[in-house]
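Okay, structure first, notes after.
Note that the chains are named A, B and C in the order they appear, and that numbering of residues resets to 1 at the start of each chain.
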């Protein structure tokens, strides 16, 4: 097992745990909780695979993903009352997952011979759409569209990875560089409470005045 | 036409009728009602086909599905005020559909050479995601995540079918066995008002105390 | 560049602008706005491509779509306070887009050898599901299911295109005819405030009376 694969499974675990917690707060039943945890963890990669025609999609060909998601869901349920003590650990795991998923998606785009711009879009899709599908199933507007430097961190990470690729850096260097970029952006954004500037909605003309 | 195909169409009709009734209660227009009926009936199988790369997806290659859904939608609209007298019949149809769709999905997974665990997941997906997509389009949290032994009945049914397959039972015996398992679990769950135990959400610590 | 391709990009621009305005009203951040604009513009065609297995999906192979969507989003953000003065222009663009997307989807269905009924369904899907996905991401019930002659105009347009095809009319004549049908239906429907008749929901029996 390579370090990269281990990190991939780490990200999967983190995303499954975040899905479990979101589902718990919606008062879903245990089966619903597991489905939400599952789609949060594999949704982004599944959408990527479907869009590029890489089927059967990834998790169908490697049961380890299914097993770690089952494990992560049960673990998150058991420790749910102590999760506030672990919030920093979870945040770190989640951010590592974000960096890794960004790399995986971008690299698959490159392998498939897609244009760099599309490969970057695939990286961002892989990293963020699990959370988007989780929020749709939970009947919320996807949180990544509304606040926090989250998708933006993936976007910068994917661009960093693409640059590393064009500079022909070794894979390991590119992986560490990209993940560090994503983690650094999120840490700084959270620490200094930075978010993208909001664009005010159109001014409504009062037709009766 | 085989009995299996007839049962498949029966399930399609039942799912289209349940979609029609859900859409009526959301006050959608006739076109919207038909779309909801359609995706409820074919959504699970469509998602399955997309995930495993079996495209064009099933209903595009056999117009009978389209015709029975049109028929079922119109029929449900006509009898909508008498539906309460038919609720037991509809429940039975829906449950037969559930059993049949579970079998179809699981069997396609086996045929594609996927792992038994993934084949079971495909069976459950085929049976339940039509309803999930219906609820997303109607802007509800999917009902199967919240109550009733529904997806769980499919899960047990898919496992029962997989066991039948490994025991090399004849197809017809396996079909009858699986569908009976799904129907029995749902009937018992509804009759005795059984649902999965709820897991309480994390205890919120009051930070001000 | 053919006229048809130019019209396709026109429709893409119009749909991206309508997505931008919808996202602005939901107070999304700039990244979220762009994603909504993007899926509104390419969502219908992407779903079509995924359903028939035409992968990688269209916009991944032609960067012009990405560029015009970026341009349209930024343009819509800049002019957002003057959009009410442009509403008739936008409506016309949107309707042209609707007609063009209907044609593209139906034609691809024919090219793939699918049944006319399925090809028509693909045309309607291509034209309308971008807006459906936009509304799902914005946590609304899809507007096309609720009011206005919108999807119905696509349906009639797709049938008109199919008839043109069977009469072996030249492509350009068929394109102009179909787009005119879609535009005419929408204009008349909006001018005379026509919508599909609503079907009243089932009468609830009061069980206590």
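Convention: a contact is a pair of C-beta atoms (placed from the backbone, for glycine too) under 8 Å apart; a residue touches a chain by one contact, two chains touch by 3 or more.
Owing to the predicted nature of the structure, the values given are computational and were not obtained by experimental measurement.
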Do the two copies chain B and chain C share over half of their interface residue numbers, or under half; same or different? different
Considering chain A as a copy of chain B, what rotation angle in degrees (nearest 5) results from a C-alpha superposition of the former onto the latter? 120
Report, in whole Å, the distance between the mean C-alpha point of chain B and the mean C-alpha point of chain C. 29
Could you pull out the residues of chain C that touch at least 2 other chains? 50, 53, 136, 139
Residue ranges of chain A in contact with chain B within the complex: 21, 23-33, 35-36, 46, 50, 53, 55-57, 60, 63, 66, 77, 80-81, 83-84, 136-139
In the complex of these two chains, what residues of chain C are touching chain B? 50-53, 112, 114-115, 117-118, 121, 132, 136, 139-142, 144-147, 151-152, 155, 195-199, 201-203, 205
